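These are the structures, in structure tokens.
Look at the two complexes coming up: chain A is in both, with chain B in one and chain C in the other.
Now for the complex of A and B:
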């Protein structure tokens, strides 16, 4: 059901849903206009004074509350929003300057503009106004309904009734308010701000508060897609990093998936003794936090690490050196392109397979046993059973999660960052010019751009690309999956 | 025939032993090195030549590079708050989207799916600036906010579980005159133990395993403020690794013990919660 839920939400009713979403929005506007047109004087007045409609029905607590809310919005719009919104067009013009004041013996700082604050608080102000507009319209509709009810002589909900409703038919409002507020503040607004940053020149030379940054239109996008002169190599790097990101996700997802299926099939086989013990031993490896294991493994495979010592003692390093595979007397497991790419995928198998094995154990415990039994009676080989019964079932149950895994791997920051940070330095000058490395994923590139080079503008552009990439993959994959709807087969 | 089967069985277990030992090599190395008397990376031998407990003692000493006691308490504090708030948020959103059929439900769930596609690393930069504007960088409160605030987005797994709870139960409660809130607390919550335990443990684990957000927000360089993950990461700085690698391993072992225990409990509920939901539905 969980997985079905995911599919449903993303595709099956995409078309139907869009209509309902837009049409419900349209219906909302229609209701509002009808309420204003047909309502009495107080309903009309409540467009301006939100409490008007309630005072007409002698609902004083509601009047007071909604008026207080309106007052807060008005105060916000007068005292807070204008100082930022008015500068949104230029993102500020007054640079920070400090003058040494001889009387106080201190530096006096002028009343400068902070571009980032202007951007951030403008977005917040706009968000507040959108919500306020929504409340206004919703309120007018509500007051109009009150008017209709009182005309019909029905019982009008009192304030106490309202509070009760919040625990009953409107319980979802009570439940959702805080979480949604958190999501808006810490997910939605940051995303909007970052999308806007992609259209500015916010980088190391334009760092608030000391410097200003401003709108530059599509320049950053043009730079990323290769139109940006000789010195800028973002286009060159982008193609390479994107390619490796996709290759990595593909391998990371499928190796761990099939590894997990095979391992759990192996463990649940009736001839395997003590399956629980084996399973626990594998689980131990993922119970240790990733940052510990990854940092450890990175030192295990360091250029002067223990793995290299052991291989040198056996003589393998010598052999590789003789056939010209490595130029040095150590194997550059995590410090040379090629080697590092393969090692990262292998180490990820080590991390991911036990995890998939756990999930698969649950999935396989619901295998259609009768089908398998009847198949073996009919003389099917083990491979045939696996190919025609087990795999289709597993793919049916876990197909959607395979897609989400793929997307997660595109954004798999930990594995790449912890394995290669400080260890891997690129020798490719073109990549180095844009601060990328052969082993970087889009997200690690983005992270290092912001953390080490303060290149926020390019990081934002890359972030938008990652988002587009992920959504296209998700939508296409779910679209393909739901086309052949096999739900009936297993239910 | 019988001997053939026997050989097959032995082969099967030999393969298992090989696989398991391959998977356990790093773990064994971690534990072995944590007892090593040599402080840096032992590059010549897998097992340490001399054993000592000093690495564990050093973790709880007064060394600011190995200020493990403070890190552990910081992380524990953050994890406790996070656990309560995140669990509440997740369960609340999951319940609302599963049981209440309000108008904005579908659009809201779609927006949530879309928001989940944005890489966390991306929004992190502006989250950092928001916290900075509120003067909350380099505070544990700020870090806790980051972990908890958008936890409502992770509601899908719990919702999948709630979807399998029979609706007739709620209707019966409604007929008996129970409010929705009461139904939620007295009927649905006890039934949903597996998924609630899963949510509690996984949100408790977030601060222990997170590395990126902690590194970004607690960037003042004062080791008293750090969480376990950045503290341990710092020990592997190029200038420190040769005197702290064994202590790092000891720290890794100590953090892993409580986390492993919670993880083992959680994975049972995880498998129950997820597959129960997937198949029953």
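Now for the complex of A and C:
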């Protein structure tokens, strides 16, 4: 089966890649040392002057290009990097001071340090140097290979040959250069900067460029996990928020998953009339932007919203009040813990099931019909067929997407934030003292911390925790799923 | 096959890097401007911005950016033209952007050096903006005002009402120019159901509402609203230089009232069946829903109230008194102002300050009043006939005069106080259970006064 094949291919590929990556790194260093040790004078010289090896082989365009690159790196290291790198240890010491100058009607500003710029440009400088070191080593190996080739009297690739190669057998290099560059510039470097922020005191009181921030070591992590002499209940809140985050993602993932399976089974059932109509109706809910739906539902279930007004008119609210289930004259659908937790999961089912239904419709149309037929001949009940054939098959095919869904739900900002912002006020004072609420996920807590309190350092710490959590879950789940060869069962 | 996979990966990666580009372009551009800023301050990276900055004193164009709220755009455009005509010798390039006063802080603090040179904001944001260096010290710019307008900063501030001057001042320095008052709340009531006399006290109001089969509503789960009960009883809240907040609500106030008594007063209001505890940001919905005959809100809900009750039925009054420890205590409120600030990172700080003054002077405030009914802070403007005749403004001003306390609290104030209000609104605290109330107050104060970690 193609689908299984693809899964298997990717999994074996990754495991193979892992080995080759580590061993190739070791091999790379070995090659470099061998090249330096065994190379001729020009190969050795090209450790210092990158173009040396090429000029020995009379490859002048290459010499020029690589020398220009080296010059650029050297100029960068002399004129740009030092002003930031030298201050990386303190993140700056000179505070901004502005004095008004009536002549120019402007401020005369001192030559101040901007902590964030120092941090950012230091990381960029280090990144440039790492890349430069890699190019240096790669280059030495390349010129050593040239030396070997010329010794053997083989044809040496000219610059034009190289360009041709980039369009043919090395086409993937051409294709991937730009995206990789983009990822490094716009993903890797910012992530490094954000991770480093977790070890500083970057917050409302230390906002560059007006104020400086500096390194504080592990203080923020210690505060988060309950240490530190602060009266803040950060650690207390973290545990509760984390717990609800996990419960939420578990329920959100599996309720929509099974809801989707059941719904698509119903729609596939031969006795269902007008399946296309029903399917279209469910898909319509996808067509409405999610935030519109969520905000409408939030108002619908507000303390004094339509749902409550109707229930009060019918008399259900009074009944609940009389049996002591609710203390107020409204049902706190989205404003009390417990109620809000259940409601959020229920609303999420309503929003998430149509997506799962569409996916499952695709998956179920590939059901192994022969097995189901033979099962029914053997006298299996509908439930037994579902339990022993349909579900295992569906779980096997959609396992990886379940894991990604789970991780996605850990970071499901929209549903939680839009349903509870401005509606939910916690009555737990300990949570309130650290700006958390019972219904907060780590990611919504993080958002409130940064957006409303400018507490970048704690946000960064929580961000790191979320990242670790997600990667551990993903790795473990994928590890469990790909263990053993289940593919044979379904072929 | 291999090529196809490669092509797919390529496409995916390109998409990824494109989106990465577009999402980070914002911060990217602001980084540039940040770099540009330090360049002109002799950090010596490139020379382009140095040049543009150096010659501006001798008549070259001065670039300024102004941010004002959506509803001010038309008349700000007019004022900016007037400003250019006022100083014909100087050429200006002034751009106007939309930024609500309520959210100015969030946008400005994202990157102060990329924010507007002149921007309007609500007075409660002053502390954070000053801490981030996003507001220029106008006292230090007094010479510029004197040289261009003929008035020193003290002269300018003396033209405004006292409360607004205090709101724009921090540590003895002026950081902004007042542009409007009335950023507080008062009582709206339906004249057809409730008399002027009923609305003097919460007890009278609630019994009248009950008799009319309606409800009186107020937001309890927000420190901005529920703080009024404590402020009225003589309690205080203030902010320290390091961003932490001082709060004495768990003790005994200057008026000899204990925090527990205030909470008990709030509980007896909240537990009255004719009272509706409204969620913050839900006031307008509840007014429109029609169950209310009186509601605590501000000038921003005027049109909603008029639509719900009919313009002729809308009455406005200062907040009622409430029963506290057997006495009637006037409910207080935080008074707020709208201010115009000059960015502390502005490259044209002198002219920016002059422009800010122009946008907040007497004639500008009159125009703003005509455009959006915002109460002037300029003393002459607030004494104009049209302003004096406005009932709503009168209520708002009377409320300020009766018990307005300048809002001066840090970020940690909001969540713990909101939670106390919610505890009261939900009836989780009971009158007489002084221990539980005291414990709740202690916890709240601990949270509010916690160090900024």
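Criterion: the second predicted complex is superposed on the first by the 462 of 491 C-alpha atoms of A that agree within 3 Å, B and C clash if a C-alpha of one lies under 4 Å from a C-alpha of the other, contacts with A are read in each partner's own complex, and residues count from 1 in each chain.
Note that contacts are C-beta pairs under 8 Å (C-beta built on N, C-alpha and C of every residue); 3 or more make two chains touch, one makes a residue touch a chain.
Everything numeric here is computed off the predicted structure, so don't read it as measured data.
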item	value
Touched chain A residues, chain B compared with chain C	B
Contacts of A:258 with chain B and chain C, given as first, second, both or neither	neither
Contacts of A:104 with chain B and chain C, given as first, second, both or neither	second
Contacts of A:76 with chain B and chain C, given as first, second, both or neither	neither
Partner chain(s) touched by A:451 [first = chain B, second = chain C, both, neither]	both
Which superposed partner A:186 touches (first chain B, second chain C, both, neither)	both
Touching partner for A:422 - first (chain B), second (chain C), both, neither	both
Chain B versus chain C as contact partner of A:433, first or second or both or neither	second
Contacts of A:300 with chain B and chain C, given as first, second, both or neither	first
Which superposed partner A:283 touches (first chain B, second chain C, both, neither)	first
Residues on chain A lying within both footprints (that of chain B and that of chain C)	117, 120, 171-172, 175-176, 178-180, 182-183, 185-187, 190, 299, 302, 304, 309, 422, 451
Residue ranges of chain A touching chain B (in the complex, touch as defined)	1-6, 9-10, 13, 17, 20-21, 24, 116-117, 120-121, 164, 167-169, 171-172, 174-176, 178-180, 182-183, 185-191, 193-194, 197, 263, 266, 269, 271-273, 278, 280-293, 295-297, 299-300, 302, 304-306, 308-310, 350, 354, 358-359, 361-363, 365-366, 397, 407, 411, 413-414, 417-418, 422, 443, 446-447, 450-451, 456, 459-460, 463, 466-467, 470-471, 474
Residue ranges of chain C touching chain A (in the complex, touch as defined)	3, 6-7, 9-10, 13-14, 16-18, 20-21, 24, 31, 34-35, 37-38, 41-43, 45, 53, 56-57, 106, 109, 112-113, 128, 131-134, 136, 140-141, 143-144, 147, 221, 242-243, 273, 276, 278-282, 285-286, 289, 291, 344-351, 411-412, 414-416, 418-423, 426-428, 440, 443-444, 446-447, 450-453
Chain C partner contacts - residues on chain A that touch it in the complex	80, 83, 96, 98-100, 102-107, 109-112, 114, 117, 120, 171-172, 175-176, 178-183, 185-187, 190, 203-205, 207, 209-211, 223, 228, 230-234, 299, 302-304, 309, 327-329, 332, 335-336, 422-423, 425-435, 451-455, 458
Chain A contact footprint on chain B (complex, rising order)	8-9, 12-13, 15-16, 19-20, 23-24, 26-27, 29-30, 41-46, 89, 92-93, 95-96, 100, 102-103, 105-110, 112-115, 117-127, 129-130, 133, 145-146, 148-153, 156-157, 159-161, 163-164, 179-182, 184, 208-209, 211-212, 216, 229, 232-233, 236, 238, 241, 245, 248-249, 252, 255-256, 259-260, 263-264, 267, 270-272, 274-275, 277-281
